[in-house]
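What follows is a group of structures, each given as structure tokens.
What follows is subunit A paired twice: with subunit B in the first complex and subunit C in the second.
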Partner chain A sequence: MQKLVSFVIDFWSYAFKGGPKYYSWLLFLSVFILVGLYTTYLQLTEGLILIGATDQITWELYISNFIFTAHVAAAAVLVVIPAYMYKRKDMKDLAVLGEIIALGFVTTGMVLVVYHVGRPDRLWHMIPSLGYFNFPNSMLTFDVVVLTVYMILNLIAAYYLFYKRYVGEPLNKIFYTPLIYVAVAWGPLIHIITAAVLSSNARMHAWSTAVLPFAFLSMAGASGPAVIIIIFLIIRKYTKLQIADSVIDLLSQIILWSLGILMLVFAAEFFTALYPSTEHAASLKYSMFGHNGLNAYVPWFWSIMILIAGSFIALLNPKIRKSYDRFLPAVCAVIFLVILLEKPYFLVFPAFSPSPLGEYTVYYPTFVEVSNVLFCWAYGFLVLTLTLKGAIGILTGEVTYTNRVPVSKEAAYAISP
Partner chain B sequence: MSDETKERETGDVDEARRDLLKHMGIASMAGAVALTAGSADAEAAVFQEWFQSHYELMSEEEKQECIERLETRYTEEYGKKTTVSNAPALKDVLFGYALDIQKCIGCRTCVHACVKENNQTRYDPEIQWIKVLKMEKGNFSFSEEKLDKGYPETDRLGNFGIQVGGNAYSPVGVSGETERYYEPEKVPEKDSFYFPVQCQQCEKPPCVKACPVRATFREPNGVVVIDYNWCIGCRMCQLACPYEARRFNWGEPNLPPEDMNPKTHYYGNRPRMMGVMEKCTFCLQRTREGRAPACLEACPVGARKFGNLLDPESDVRKILATKKVFRFKEDLNTYPKFFYFMG
Partner chain C sequence: MFEMNFRSKFSKMVFFVLCCFLIGGVFAYRSAYSAKAEPAKTQSAQPVTNCFESRVGYTSVERVENAVPEYGYPNVKCSQRTGKVVWWGDPYDGTIPMGEMPAINDATKGDFAQAVVKPREPHLAYFNMDPVRHCAVCHDGKTVPFSKNKKPRTLAMHQDIVEDSLQLKHGRGAIWCLDCHSATNRNKLIDHQGNEISFNQPQKLCGGCHGAVYIDWRAGIHGKRIGSWVTGGKKRWWVCTECHNPHTVQTASYDPIVPEPAPALPRGMKNADHERSEHVAHKK
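And now, the complex of A and B:
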């Protein structure tokens, strides 16, 4: 028990230690959290009327961002798989960072979903024995189950490893290995289910397509490693944790071919919609060309498509993939932003036009909404930063139980003579 | 469904739920509930309401308590004696609605009668459960000049090679676009058809399937209802509905006391709160008493018919037997009990 207490203390005190750059990053995130707390208060008191959603476009930036966080959370298994299934030595230690990233993004996503709900105070209605959990009819209940389980799996997997490393004991393989394998299988599952929440709606012609899970998984394969590469490059620049070039190379290959598959998925979807060009293609046409002059999403559509293809072509070039301090992070940042912005401006908002009764609408996000989204992101990055920092302390061997012992020995000497 | 009945039969489940609720962290939740604060009593009522179970899962006493609590709160809030009925579904009745699109003149009297009857929010914005779509009839734009036009342009196959004729993309009849924000001086406008849409009370409602907490369900008379106190506001039902029938209370409803209809039903027109879904219930508070829905009573041209689908002598059944009847968006297999016909 004493070991556990000192683990918690040492882990988190290391997490809060850092240089001026580290503190200014934490401070930067705190600004969004402070502003976000106020706008959250506004939304809770005055309701969702403060955001841009309407009866025509009922899904807003929260859900759009949630889908993106699910991308990254699911893709974090791409760091775990090479380590455990392909036994790559260079990634053995990094696998747990993947779990931390999954954890950070899945919790951010769950917070975003709470913002989406009109009565967050009534969420207890979903707790099976207290309320009524409409399982297995409602797809949303599946999503709640898979997200919660994924969060718990990663929470246990990561902190169990940290604790064992901290006290210097070997891992119990009979417990740990199955846990990791289940977590790895669960990653894609959260994404397939999230796609099913969308594609289960027959009225949403743009979503009611069998390629949606494939689109989501390939976007996850692109945006997730893009985030992870940026995080890894920062870690190896500013901390003592060693991350080999071979790891970055593997991740950039994964991004490259995920983008390749994504383009194929888009092509298949566009072809199937546009060749017969029935009413089912109306949303897509609205995105591509606008409707009677209402063309707010047209620039978004074409920029997103061009940037996805452009990133693919750029990454085909080995020089760019190997440019760890310049071009690779830049391309990764572009992929991150494109897939993030693709969510509201191609996947979600235009899909609601035409409405079931034929209405075309444009979505206008409000300040409260944007601020709340930034709050969720800042919260997510804050948790992620602190946990990663603590994790690095453990992985580099700076934070261990034995490091703490000399201190207590001194104290013991002080008393004994 | 079987789970639900099972739980209802075994009283100890309900017992356990109540006990658990009592022991939950009351203080931590208080903040969220107190947001809709009024006077001390109303606040206490809202607080107790927050702990209440799904209405269908309540015991008889709990139901009675719940109804009394609501009546007291509404009476105080709106300053007039309000009744909240919990009249049960009628025996051997399946409600159906039929609308004569040939007669409808697009006057929207039904829309406003509905708002008046069902206690919707009145401003910022006003919620309306019925939408009337206007469609141009007889519009056509075939032209002689386009006979040999089209795609691809004439090639070595001559005019026989055209895949897409020059007269494609010309709307014909009422197949053109619809408009729901029309504001003419007089209705009906020349060459216009009107197509009112409200909740179709599907026998296989996609909205019910999508609800994660079963706050919305089909009651025995075939009407899809919502427990406004159980809805968590996730809007999955709104996303699933192919008829745009569901309306969300994005903000706190604005219902002036003088406009409030004090004769209400738990699943029907009782005033709603912020963050919950609402929709047409075929005026449950009226129809369970054998009265006609407000929209039907208001219709000046008699385009609307309502009745029991199980009774061969009812208006609706006679219409189904003798008129040209269709269901809206039949391809979606939702099996609406709202029928359109041509008189």
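And now, the complex of A and C:
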């Protein structure tokens, strides 16, 4: 117990220590958290009327962003798989960072879902046996189960490893290895189920397609490693943790081929919808060409498609893949943003037009909604930053039980750089 | 030295946090202001009290506040534009049982035990000229003698109901007043077999000729009803004459009501011009 308490204290006190750049990053995030706390209060007291959802477009920015966070959370297993299934030495230590990234994004996603729920105080209805858990009819039930289990799996896997490293004991392989393998299998599962939540809606012609899970997994394979590359490049620039070039190269290869598969999936989907050009293609045509001059989503569609193809072509060039300090992070940032913006502006909002009454509409997010989304992202990145910082302390061996210094004011300040 | 460094860093941090609060406060005020301003625009004007249910002048209802004290509901809410009742606080307010209905092998299986209607008699102007004897105050066989036959003749009165009694619109000359109104008991209607029918049950009379639409009405396809949706459940049925004027069927069988204003555009939409333009597919 003594060890556990000191682990928690040491882990989190290391997480909160850093240079001016680290603090300014944390403060940058806290701006959005402070504003977001107030807009959250507004939404909780006034209700979902404050957001831009309409009778016609009922899925707002929260659920759109949630789908994206599920992308990244699912893709984090792409760091774990090479380490544990392909036994790559250079990724053995980094696997746990993948779990942390998964954890960060899955919690962000769950917070976004809480915002999506009109009355979060009624969420207890989802607790089995207490409330009415609509199993196995509701796809959302499956989604809640897989997301919660995924979060718990990663929480246990990551903190178990940190604790064992901290106290300097070997891992219990019989316990840890199956846990990792289950978590690896669970990553794609959360994403397939999230795709099923969408594609089970027969009325939403743009979603009701068998390729949706493939589109989601390939988008996960692109956007997840993109954010992981950026995080790894930052980690190896600013901390003592060593991350080999081979790791970055593997991840950029994964992005490249994921983008390739994604383009094929899009092409297959567009062909299948547009060649017969039935009523089922109406949403897609609305995205691509607009409807009688209502073309708010047309620029989004074409820029998203061009940027996806452009990123693919750019990454084909080995010079860009090897440009670790300039072009690679830039391309990764573009991929991250494109696939993030693809969610509301191609996947979700245009899919609601035409409505069952044939209305074509445009979604206008409100300030409260945007601020709450930024709050969720800031919260997610804050959790991610702090946990990664603590994890780096453990992995570099700076934070161990044997190195432990008595907690006094002078000593605490002394370690801070 | 260390102490100084820490202090300056700490004070910078505090300054930054305070700035964050300031910026957050400005944004929060802005959003709160815009959130408050919006509902004020949609506040409705004075509620309409002089309403009608299906036909202007024939199905009048007065709005009464707190008619359902349990919930504080008024009896009805009416359209600002037309005065048409669009909402009922108590769907069975002022209703009476529909009464005996013939059982025919249709969707209802003759189950009208729970069916209720709003009585028509209180809405009939001449019927209520005398609160006790009703029409019979004049049509007693002495003041106005009973008619010997059903042949059309010029009427001395009731031109406000039927302008030219020689050219009754209903039936294009095939029928006349006394085919539906009892010759000897003017407080009642009369069917083909001579059975007296209450003004509150016109469907039993109308259904005698208009069989197809009568079957539709019984099945719930034609007309309006509110209350329980279940077959045989407690339901208020609108009877024929609540919507149709039986005397002017050829010219004004059913007065169309001015439609309600179009619903508000979805939030943020400035216009719906894209809905106005012709569909390309239809141009061919």
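Going forward, the second predicted complex is superposed on the first by the 404 of 417 C-alpha atoms of A that agree within 3 Å, B and C clash if a C-alpha of one lies under 4 Å from a C-alpha of the other, contacts with A are read in each partner's own complex, and residues count from 1 in each chain.
Here, contacts are C-beta pairs under 8 Å (C-beta built on N, C-alpha and C of every residue); 3 or more make two chains touch, one makes a residue touch a chain.
A quick note: this is a predicted structure, and the numbers were derived from the prediction, not measured.
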item: Side-by-side fit of subunit B and subunit C on subunit A, or clash; value: clash
item: Which of subunit B and subunit C A:Val182 touches, first, second, both or neither; value: neither
item: Contacts of A:Val298 with subunit B and subunit C, given as first, second, both or neither; value: neither
item: Which of subunit B and subunit C A:Ser200 touches, first, second, both or neither; value: first
item: Contacts of A:Glu359 with subunit B and subunit C, given as first, second, both or neither; value: both
item: Which superposed partner A:Tyr23 touches (first subunit B, second subunit C, both, neither); value: second
item: Touched partner set for A:Val35, first subunit B, second subunit C, both or neither; value: second
item: Touching partner for A:Asp55 - first (subunit B), second (subunit C), both, neither; value: both
item: Subunit B versus subunit C as contact partner of A:Glu46, first or second or both or neither; value: both
item: Which superposed partner A:Ile320 touches (first subunit B, second subunit C, both, neither); value: neither
item: Subunit B versus subunit C, judged by how many residues of subunit A each one touches; value: B
item: Against subunit C, colliding segment of subunit B, chosen among 78-86, 132-140, 222-230 or 330-338; value: 78-86
item: Those residues of subunit A which subunit B touches in one complex and subunit C touches in the other; value: 46, 50, 54-55, 359
item: Contact footprint of subunit B on subunit A as seen in their complex; value: 44-50, 53-55, 58-59, 116-126, 129-134, 137-141, 144, 197, 200-204, 355-359
item: Interface residues, subunit A side, partner subunit C - complex; value: 20, 23, 27, 30-31, 34-35, 38-39, 42, 46, 50, 52, 54-57, 291-294, 359-364, 367-368, 371, 413
item: In the complex with subunit A, residue positions of subunit C that touch it; value: 2, 6, 9, 13, 16-17, 20-21, 23-24, 27-28, 30-32, 34-35, 266-269, 273-275, 277
item: Subunit B - residues contacting subunit A, complex; value: 4, 13, 16-17, 20-21, 24, 29, 32-33, 35, 50, 53-54, 57, 124, 131, 133, 177-178, 180, 197, 206, 209-215, 230-236, 238-244, 246-252, 274-276, 329, 332
